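Structures incoming, each one as structure tokens.
In the two complexes below, subunit A is the common chain; its partner is subunit B in one and subunit C in the other.
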Partner chain A sequence: MKRLKAILSDVLEIDEASITDETSPDNVDTWDSMNGLVLVTELEIKFNIKFKMEEVTSVKCVGDIKAALRSHGVVLSE
Partner chain B sequence: MEQKTPYPAHLNFSDIQVGASYTFTKVISEETVDQFAQITGDFNPLHCDPAYGKQSKFKKNIAHGMLIGSLFSTLVGMYCPGRDCLYLSQTLKFRRPIFLEDQVTVKGTVSNKSESVKILTMKTEVIVDGKIAVSGEAKVRILENR
Partner chain C sequence: METLKKIIAQKKIKGISDYFTLYRRLNRACKEKEPSYDKKMKIAILSSFTSNGIKEALYVKCCALGIFPEIYVAKYKQYTQEILNPESGLYQFSPDLIILFIDAMTLWGDDFFQAYRRSDTSRKEWVSENGDEIESLIEKIKEGSSAKILLHNLSVPEYSPLGILENKQDFGFFEATESLNRKLRADYKTDRQVFVFDYDAFCSKIGKQHIVDHKMYYIGDMKLSLNHMPALADAYLPYIKSMASMTRKCLVLDLDNTLWGGVVGEDGLEGIRLGPTPEGRPFWEFQKYILSLFERGVILAINSKNNFEDAIQVIREHPDMVLREHHFAAMRINWEDKISNIKSIAEEINIGTGSLVFLDDDKLNQEMVRTACPEVLVPVLPEDPSSYLQMLMEIDDFSSLQITDEDKNKGRMYAAQKKRTAIKKTATDLSEYLKQLKTKVTIEKANSFTIPRISQLTQKTNQFNMTTKRYLEEDIKSFSRREDVLVLSLKAEDKFGDNGICGVAIVKKGPEQWEIDSFLLSCRVLGRKIEETFVAYIIERAKNEQAQTLVGTFSPTPKNMPARGFYEKAGFSPLEGKKGREISVYDLNKAYPYPDFIQLIRTD
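After this line comes the complex of A and B, so read on.
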């Protein structure tokens, strides 16, 4: 989770401490459509995975990102 | 007299391979530096006043860093991917000064492709005399269904 939080913090320019599973475009102003796309590429690069379009469109919050990462075999330590 | 606008390349996402490089060259003339100063309002004497430039640590005027950085816009908008490009982000590091009349090579190397969102990540460099003067990373989306 530390690695994921660092990526989210960097792309969305938010404090790591403020990130929870409920963090989403609804409660983070900087999580706009452009940053959402950049976030996808950064997650793919940093975790060395490739998302499918359906996965990208199904993500609504950080909790969903964690689930998507786990489905690609990424281990997220708390 | 009608002036024709140069037309950009038109590369599709599938045309572009990770590791591929795209380059172009440009001479940074005094006129270009003056035009950039006019557009941005940055008339700092290090760029625009020959007497000041001569007395500076560089011994002559240098180009604006952002003028050189702006060539990455040309790289993605005209060369790779060209026409259907949407520029998402760019990081910049100014590593060496560029002097008036220097010929620069602008180079982009594709380091990653995100198929799901059609985004390219490119390592971007401006090279003068074989040395990197400006470096950074660009992210561009290809709008295949405009």
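After this line comes the complex of A and C, so read on.
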């Protein structure tokens, strides 16, 4: 989880401590649709995976990102 | 600008998201406090798809270079409307550079997937229709803007429904796309405003398979993956650097393990690696490429820790040495430290250290020069000499938007300068030296052949430049059309070679009083009475046209101290200076003699 939080904090310019599963475009100003795609690109590179298109379009919050990462075999240590 | 550079230096750039983050940070910093800058560039991006990421990457890279950018991105898929509407945001923005990025898929439409529903004839029509369409867009831009235009060509597709039969067609899908590229290239070969950007080569370099992230394409119509936006921005930079006159002029080279393999002091003339062997070829071909840089006008110099006799023997006698003594404008082969050598090379050639690129295999030397002279470009030389050539080819800092004849000969002109300095040492006094030089000066009014060079000199000359006013080609053109402005170029030649056009004067002619708006001379010809000849000519001309006084202005900058006091020395009387300017006036009833030993050729 630390790695994911670090990436989220870096891309969205938010405090790591403030990130929860409920963090979403609704409560983060910098998380607009463009930055969402930037985030996808970074996650794919950092975790060396490829999201499916459907995963990208259906993600609504950090909790969803974690689920998608897990389904690609990424182990997230809480 | 320094604050912005600091913000960039503080962040390690690893991926595309860092450009977005930095872009936001830089913007915030600019909002807090208007940055001070001396170079600014307004760039408009028009593209046929979602090109987010280019702006961010380009913005950060420009700031890092010290160019303050303002970037306008046309609304999604609105490039045609923006170009056709003279009131559009594009023209209101009044850009210096317009990037027009139309992609192959957009132009082919659905036929991109079904190119063979069209006949051979219809594919030919596709080429001429789209070629005409792009040309008319470009014409329209030219009507509304004098910006330089960077026009993307098309990435030639790599898949065909016909597979291996693609190249057997009368006029196939690939061939049609290539034809359009060829047409664009041919159309703008001699155009000074439009530059065709080889996007096809860019895509090939990255690998066409990796250009598109298909999911992003379907989600956001992104036809170039976000990951590659920084590389695309890099590919635009040579144009931007060249427009901002940030072109570098001189390549300073180490010898041992840079121009040849091994250490000549230890391995001897026969022992070094150079020539058509596996170990020698990387250095041999490296030198061949350096020679071609010399031939396009890059000045060469040597900075090497060596016994002079050992090294010069290789340069003079080694059968496979490509670069010889006459290619180098300055040679420092000694045991001095590399930093003082670099400085004295710049001094001898008479250019700023900011125009230098230094190649040395030694990491310590690299770091030393980088620290002591951060304005010198010091690339990291690869560990393996077999990669030297590739590294050098990647350096785009010698690029310029146009090569004038003067540019092509620059390497040669500076090497001839070395010989001039040599007789300066033997001649006992200055007039003896000038007599020996046999300088011939040609002064003529600006014409279509000289205008590009005149503009270039106003952009690049820093030291002997009285007012440092920078003019674009368009400006010079419109001056030269005016009856009340005199634009003059000066060409200098001597027994060692032709210096080409190296001086410019722009004079505003009033009925009583003439005013020198710009007066500059390339510093490599300074101190040879050429500047005095130039002034004498202007005075003569003003007199002939019944003017009473000639006014000269000196506006000090951090770099033009060599020009200070020139008018006074020439007999101008100082007037009260206005803020930051020193004004002096010449009474045209006074005679001004032409200096001796200079042959003046008038062309009017």
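Keep in mind that, in the parts below, the second predicted complex is superposed on the first by the 78 of 78 C-alpha atoms of A that agree within 3 Å, B and C clash if a C-alpha of one lies under 4 Å from a C-alpha of the other, contacts with A are read in each partner's own complex, and residues count from 1 in each chain.
Convention: contacts are C-beta pairs under 8 Å (C-beta built on N, C-alpha and C of every residue); 3 or more make two chains touch, one makes a residue touch a chain.
Fair warning: this is a prediction, and the values are worked out from it, not measured in the lab.
With both structures placed on the common chain, the touch criterion links A:I14 to neither subunit B nor subunit C.
In the superposed model, C is the one of subunit B and subunit C that contacts more residues of subunit A.
In the superposed pair of complexes, A:V56 makes contact with subunit B and with subunit C alike. In the superposition on chain A, contact of A:M34 is made with both subunit B and subunit C. Shared-chain residue A:A67: touches no atom of subunit B or subunit C. Of the two partner chains, neither subunit B nor subunit C is touched by A:L76. Residues 34, 37-38, 40-41, 45, 51-53, 56 of subunit A contact both subunit B in one complex and subunit C in the other.
If you check the complex, the residues on subunit A that touch subunit B are 34, 37-38, 40-41, 44-45, 50-53, 55-56. Put simply, subunit A touches subunit C in their complex at residues 10-11, 13, 30, 33-35, 37-42, 45, 51-53, 56-57. Interface residues of subunit B facing subunit A in the complex, by the touch rule stated above, are 88-89, 112, 114-117, 119, 121, 139, 141. Taken together, the subunit C residues at the contact with subunit A in this complex read 15-18, 20-21, 24, 52-53, 213, 215-216, 218-220, 222, 225-227.
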